[in-house]
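Here come two complexes built around chain A, the first alongside chain B, the second alongside chain C.
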Partner chain A sequence: MTVLVALPAIVGAVLLLVGRRADRAAPTIALAASAGTLGLAVVAAVTRPSLTFPLFEGLPGGLAVDGLSAVLVVTVAAVTLAVLGFAAGDMPASSRFFGLMLLFAAAMLVTVTATDLAVLLVGWEIMGALSYALIGYRWRDAGGVRAATTAFLTTRAGDLGLYFAAGCALAGTGSFALDGLAAAPAPWRDLVAGGIVLAALGKSAQLPFSFWLSRAMAGPSAVSALLHSATMVAAGAYLVLRVQPLLAATGWAATLVAWAGALTALLLGFVALAQRDLKQLLAASTCAQLGFMVLAAGTAAVAGGVAHLAAHAAVKSLLFLGAGTWLTVLGTRDLAALRGAARRLPLVGVTFGVGALALAGVPPLSLWLTKDVILGATGSWPLAGVTLAATVLAAAYSAKALIAVWRGEARPGSASRSGRGGGIGPGVPFVALAAGAAGLGVVVVPPLNEVWARTVGAPAARPHVVELVGTGVLAVVVLGVGVLVARRPPKVRFAAFAVDWLFLERAVERGIVRPVLALARGLAWFDDHVVQRAVVGAAAFSRGAASGALAVEKPVDAAVQGLGEGARRLGALARYPQTGKVHTYFAQAVVGFLVLAVVLVLVR
Partner chain B sequence: MLSLVIFLPLAAALVLLAVRRIGDRAAVPVWIAVAAVDLALVLVLWARYDGAGLAHETRLRWIPSVGAGYHVGVDGLSLPLLAMSAVLFLCCAVYSLRSTPRPRACAALFLALQTVCLGLFAALDLLLFFVFFDLSIVGMYFVIAGWGHGERARSALQFFLYTFFGSLVLLLGFLGLYLGSAPRTFDIVDLTHDPPLTGSPGVAALVLLAVGVGLAVKTPIVPFHTWLPPAHTDAPAAGSAILAGVLLKMGTYGFARIAMPLLPDAWRRYAWVIIVLGVVSVLYGALVALAQRNLKRLVAYTSVSHMGYIVLALGVAGLAGDAAAHRLAVTGAVTQMVSHGLVTGALFLLCGVLYDRAGSYDLDRFGGLARAAPAFAVLTALAAFASLGLPGLSGFIAEFQIFAGTLGGGAPVPGALALLGVLITAALFLHVLQRTVLGAPGPLTARVTDLTRSERTAVTPLLALSVLIGLAPRWLLDTIEPASTALINALAP
Partner chain C sequence: MGMSENPVDLLPELCVLGGVVVALLTGLFVPRGRQWLAVALGAAGAGAGLIAALVAAGRGDGMTFEAFLLDPVTHVTRVTVLGAALVVLALAAGPLRGHRRETEFTVLVLLAALGTILLGASADLLVLVAAYLLASIPAYVLAGFAKDARGTEAALKYYLMGALLGVLMLAGVTVLFGLGRGTSYATLSQNLAHAPPGAVTAGLVALLAGLLFKAGAVPAHHWVPDVTEGAPPVVAAFVTTVPKIGAFAALFRVATDVVPSSAPGPELFAVLAAATMTLGNLAAFAQTNVRRLLAYSTISQAGYLLVPVAVATRTDLAEPALLYYLAAYVVTNLGAFAVVLTTNTDTLTDYRALATRSPALAVSLAVLLLGLIGTPPTAVFVGKLLMFTAAIDAGYTWLAAVALANTVASVFYYLRWLTPVFTRPEDPPPPPRLHRPTILLTYTLATATLALGLLSGLTLLP
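Moving on to the complex of A and B:
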């Protein structure tokens, strides 16, 4: 268990610490470590290890591989290996890049094997910070750094929900354990669910957090391929699938999650369709596809959701690797400029085609099957309608991407920029991922679906034949319409609303960022001009009081001095009778007695 | 042994001043050697600490007529702070190896200040505590006035007058504690066993007010914080590191060592006031920091925010609620004291590097430093992420326990509000990274050369310790947790 997480983490950390001296060996080392991790992941999936260690007082931390985690660790390790294999050819050999990628994968492994909220949060947030480092990998580019900042801050805003959930879990159950959350008494159960849902929606770029994923496209393609498939965004979907019993226990959280997922699938489907940039299209489609998984968590279709997650990981990493190859070779990701790109690099073109068809939900590819399981569990008509519409949109945006790269002849003008072959040399990652993209759907088909359900610990589900045929036909029809439309492209002007990702970022900028900055500046002004002024004023007042006191003090001083002078004179006077002669003392005593006698007589 | 740890630096300082043959060139090496030996001795103390109650106690008659003695000792509350202080002083010594004006006087002053700081964290007598508390102000005054820059005289004077005022109010509170005790004593241990003023809540409230204001100025808690930014801005880097890393902890340590166990009833009654002050400090400090253009002022305001978490956690401990959650909060608070000392110490030393090279802290005039100063960039990024509470670094271990303890210990709304501070802090530190080490170069970028060996050697251990606590916190928590339990028990009605 420890080794599974420690291998990529330690190798990644060592690569980062050694720095540039390890640049040349970094890709090889990283690939070896990643292959080792995949091996360990498979072993862990079979042996199901677990580990408990003391973390806080009375609150141990834990890592364990159960069925759900087993699927995730294998998916994460496999996709990481494929992406690193691509990056070895696509990226310059850099120990910083490969070290960060390995650490990133390790953080995801921690996230999906954590048995309690504290350890989960550790992996979760480290992954967020590493996504910052990876999106802003080209740090000289201010735009990339800003995009990384947006990504980290947006996801961290969601992460606050996990902190909140952990505190409420402590209050409700006296522990952070994930499997005890559903048993927490109200209202703690509801607060925990709310916090977790917030964090998951943020991480998975669901509405209203979707915009950060658009900005994240500023990072290298290999980063996008890993971030959009088996890690980062997948963590959010994984979390809601993991705590599905808790969501169901509250009732409202399950409904909320289902609708958030379905609406994201629908609206971001529109956004994807409206994009003119291949990576942006894929990014929006990631949000939309994750919407299906989140929806599955809300409708208790856990088996289907996890299957969709695994299959989508293969599909989306494959598509990003294709887009990244063309970006490297052709220097563009503009859909119009990519005309015929698939024909220039047939291996990339064909595998990208398989991925895009799978994304479209074309039979018999994976997402066709897994999505249908989710669709079949929606229950209510409105939800099913929205989901079905989202399915149609998925076919449409996939068709747009597919047609864009396959249509027309390769333009000789857009010559290759560099001699490096964009990582197609081995080609293995593409083929392996394409096989996954095509075939992973079998896990929801009988008789495998029983095994799968037992593995992920959820009731078995299978797609219904009628629906399968229906959505299959639908996908093919949409694809056909797409081809027809592409022949004579109509002058469709998509609403800026959809092109610009529903104006979400602008809304956050105007609604949250600017007011907070204005408040900060206002408070800084207040601090300098009111609080500090008050202190200075108090000091000035005490100085004034001091000089006032001085004014009072002089007469007092004079009075005291006068008093002293008087006392001195009295003393001199008192000394005067002390002559040392007995007869004068005697005379004084007589006078004294006389006075005493007179006083006594008078008082009486 | 403990007294040796405390007074060794002072003795070295006197030797440095008296023996003129130790020239300027040897002064800093001597300082480093003494600080290293002192750190080693602290670690020996820690290693020999058996994990429960007070240890290494010394109790001598000092002013028996008023029941004040020389009473020192350590427990899980003070040991981590002693060690953190010793580490930070050593790192500051290493940092000062290159180009410190008047090195003999500087070394002597810092060594004397080290005695004062260690003495305060070991003091178990109110008068002794107060003496060290006051001397720390005097020492820091000379550090700022003598080795600072900019408007150093003015800032130093403001620092001195403000915090000295605070210490006088604190003395008033201590006198109240003394007069309320029977038999009359200044001994903290005796007073903890038999808290004074239990029968007169009105007087206890006034005494808590005095002690609280005195410590709030030092911590500092909003609105008593305005001495901090100018003091930091004009202090030398090592002085800032000590001021933020060690001196601020005197305030929060005072709450945990004196205010809470000696005035448990009043603390419980006014816990909500403390909590509100803590939350306000967290949010106000973070927001004002967000608006700063001067890097050092920015870090100073984040200190206000980070101290706010500690105040919040200590306030929560006074609520009625789950004792386990309260222990978690207090453990988090002590961890935060250690973590903040290490991380903010590192941040201020790194600020000092910028000022040393470019003579400016202006965020708008840097950028792209990662190219010419990669080591600076890496350490700054690490310190920034540690300060914003990223898991894997010490700040998370502290803040997670504070949040979980606060939310689970009866204060969900303040806990949720304080959570926003984490996000604002993240925003401001990412902004700092964007403006200094990343992006396109600014007008002053060309002047910044990478860290020298002594600078790297000074900053790296601080952040390495932060990583160590972040990844494997048990060695630290094992020491703190029994002390948290004792504190919660002392606070129980």
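Moving on to the complex of A and C:
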């Protein structure tokens, strides 16, 4: 258990500490550590270890791999390995990058194995800080750093909810334990749920926090592939899935989460469809797909939600890696400019195609199955309607991306650089992830669904055949329409509303950032004009008092000066008899002794 | 008090005398290059005298040849004078090595030291006069030793002052002889009590003229600055230090053994003490020549030394206070002059940034000057403390207050010397030409003041 977390953490920390001297060996070391972590994760998933250690007085902290954690641990480790494999070819060899990536993976592992809120917070916070470092990895690029700051501040704002939840959990149950939260007494239970939901929505880039993920696309593609598929954003979905009993217990929280997820899936689906930039499209689709998982947490479809999470992790990291490869090779991520990109790098093209089809929900690929489980659990008609619409949109934006890279002829000339994305070594992550993207859905198909449900520790669920056929046909139809539309591209002008991510960032800018800055300016004015004036006034008063004291001091000073002056005069007087002439000495000596004798004789 | 006429009682003095004679004879016959032999023989005589004096100090008190007292005052005088004389000879080794009249210098120093010991040990006015002459005349010659204009002028002033005050002293001796029907202190103390007090006071003041001249105290202090500045530095070190020892010992004896209770002895000495310390300090304020500054400093120290003399008959603390202060002062003052000899400059501004050129020397100077102020834990501090205690013990609180005020005032001019030493130089003067044995001697003296202060502080003070 300890080794699972410690291996990537220690190797990452060592790489960071050693710094540039380890640059050349960094990719190899990181890959080895990552492979070891995957092996340990598999072992942990089977053996289910747990660990308890003293954290606070009377409040032990714990790490444990249960069913839910086992899935997450293996998913995180596998995606990390795949992404690092890609990064070894795509990124310059840098111990800083690989060290940060490993540390990030370790933090994510802590988060998904924590059994209590305190330890979870530790992993959660380290993850947040490292996400800042990774998104802003190219720190010379001001845009990257600004994006990192936006991402960090936004998720931090949500994180406050987690602190709040931890405090309320301690007050309500006397412990941080995650599994005891649902049993908390009435007011505390609701407060804890509120805090956790806030934190999860922030981390998972759900409405209204979605915009940070758009900005985070400024980071390296490998970072996007890791952070925005299996980790970071998935942590929020994981958290709500983990505390699903708590959400259900409150009543309102489950509904809130379900609607937040469904609306995110719908609206961010529109946003994804409106994007002209491949990475932005993928980012928006990530938000939308995470919406399905959050929805699953709200509708108690935990088994489906976790399956969707794992499958989506494979799909989305695969798509980000493809986008990253084209960005590196072709220097663009603009959908129009990527015309025919898939034909030039066949391996990347085919695997990207598999991923996009899976994202679209085309049978028999993974997300088709997992999404239907979630859809089947929605319960109410309005929610089901919204979800169905979101499914259609998912097919639509996937089609957009797929068609964009496959349509048209490959432009000759630069295909030789396909070595970057092709070849045996760098190709392995693509193939592996494509396999996962295609096949991970089987876990919800009978009879595997029973095993899966037992593993995850949730009631078994399976897609209904009618729905499956329905959504499958729908996805294919949408895809077909997409191809047809693409033949003669219509002059569709998407609403700026959708293109610009629902104006969320602008809203935050106007609604939060500017008021806060205005308030800060106001407070600064208050500080300068009222507080400082008071301080200056106090100082002036002291100075006045001091000058009063000076009035006393002046005579003293004058007296001292006078004393000095007097001593100087006396000194001059004392030297006056020292004329250097012997006859005056004689006179002085004789007079001196005479006076002495006369005075003494007379006095006596 | 046992009487005897055993020459062995005078062994230290005889050793010194023998050293003088042998050195003189040797100096006559060895070539100029080997005069060090005569110096060594003379120094050996003084060294033997020092050892004999230390041995004699262990024996009981007494009087020998009816005029020579053997008591703690004599013992301390002998040891201090001979030790100081040896230090002066060592200090002279640098500047006078190979000098044409090297032997002469040694002989003069030893003869003056011998006269000083006699001055401090004598119990008879006639012996006192003889000792005065023996202590003075070699010193006059030493002042003009360099045979340069300033040295000659200094020697002449020194001699003329000494002659005048010596005549006054003889007059005083004559008056007291007439009044007391004898010259021995024992006779005088018996008979002067019945003599007219006015006449006794007048005779006493006249007698003091010579002793105050040797001590460099007001109103016979005029020679001190001129000689200290004009004579060679090593001679200045000698004449401001060694004769004082004998003079204060003699003054102490006069105050305790001669002055009858009818005469205003304590008042006389107290006034002289206050006047001397104040005048010395005031005149030292504006000095720019370190030797002149040290000269006035020695005058003020003479004032402090007169305090135990003033209270000599009133408290038992007076004797240890005087003797301890004397020894401490001698070591410290010789050390200060050693610094002047080492740096070979008199100008105050030349000491700028001495600390960067020779840190150890600067620290030594600081220790010695702080010692002259009377800062703990130096030797003079203990001496001053004893002196204050004695004054207060004897009811002379006003004198202690004057001494304290003067001590505070003296800080000013000692620091005037010390401050430039530790300033950062903008253009450091060239490193001084340093004579290695002299430097070592300086360090030794500075260390000695500290060691003496610490050791006596541990033993003397509660």
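As a working rule, the second predicted complex is superposed on the first by the 523 of 604 C-alpha atoms of A that agree within 3 Å, B and C clash if a C-alpha of one lies under 4 Å from a C-alpha of the other, contacts with A are read in each partner's own complex, and residues count from 1 in each chain.
Operating definition for what follows: a residue touches a chain if its C-beta (ideal position, glycine included) is under 8 Å from a C-beta of that chain, and two chains touch if they have at least 3 such contacts.
Computed from a predicted structure; not experimentally measured.
Enquirer: Counting only touches as set out at the top, which of chain B and chain C does A:V531 meet: first, second, both, neither?
Expert: Once the two structures are laid over each other on A, A:V531 reaches chain B alone.
Enquirer: What is the contact status of A:F164 with respect to chain B (first) and chain C (second): first, second, both, or neither?
Expert: After superposition on chain A, A:F164 lies in contact with chain B alone.
Enquirer: Please work out whether A:A129 is in contact with chain B alone, chain C alone, both, or neither, and reply first, second, both or neither.
Expert: It touches chain B, and chain C stays clear.
Enquirer: Looking at A:L573 after the superposition, I want to know if it touches chain B, chain C, both of them or none. Which is it: first, second, both, neither?
Expert: second
Enquirer: If you count the residues of chain A that each partner touches, which comes out higher, chain B or chain C?
Expert: Higher number of touched chain A residues: B.
Enquirer: Per the contact definition in the header, classify A:W139: touching chain B only (first), chain C only (second), both, or neither.
Expert: So A:W139 only meets chain B here.
Enquirer: Just to be sure I read the superposition right, which of the two partners does A:G592 touch: chain B = first, chain C = second, or both, or neither?
Expert: The second partner, chain C, only.
Enquirer: State whether A:P208 touches chain B only (first), chain C only (second), both chains, or neither.
Expert: So A:P208 meets neither chain B nor chain C here.
Enquirer: Which parts of chain A are touched by chain B and by chain C alike?
Expert: none
Enquirer: How about chain C: which of its residues touch chain A in the complex?
Expert: Per the touch definition, chain C meets chain A at residues 156-157, 160-161, 164-165, 168, 197-198, 201-202, 205-206, 208-209, 218-220, 222-223, 225-226, 262-264, 267-268, 271-272, 278-279, 282-286, 409, 412.
Enquirer: Can you name the residues of chain A that touch chain C in the complex?
Expert: Chain A reaches chain C through residues 567-568, 570-575, 577-578, 580, 582, 585-586, 588-593, 596-597, 600-601, 603-604.
Enquirer: Give every residue of chain B touching chain A within the complex, in rising order.
Expert: That would be residues 161-162, 222-223, 225-227, 284, 287-288, 290-292, 322, 324-325, 327-328, 331, 368, 370-371, 385, 390-392, 396, 400-401, 403-409, 412, 415-416, 419-420, 422-424, 426-427, 430-431, 433-434, 437-440, 473-474, 477, 481, 484 of chain B.
Enquirer: Which chain A residues qualify as touching chain B in the complex?
Expert: 54-59, 118, 121-123, 125-126, 129, 132, 136, 139-142, 145-146, 149, 152-153, 156-157, 160, 163-164, 166-171, 174, 176, 191, 516-517, 519-521, 523-524, 527, 531-532, 534-535, 539
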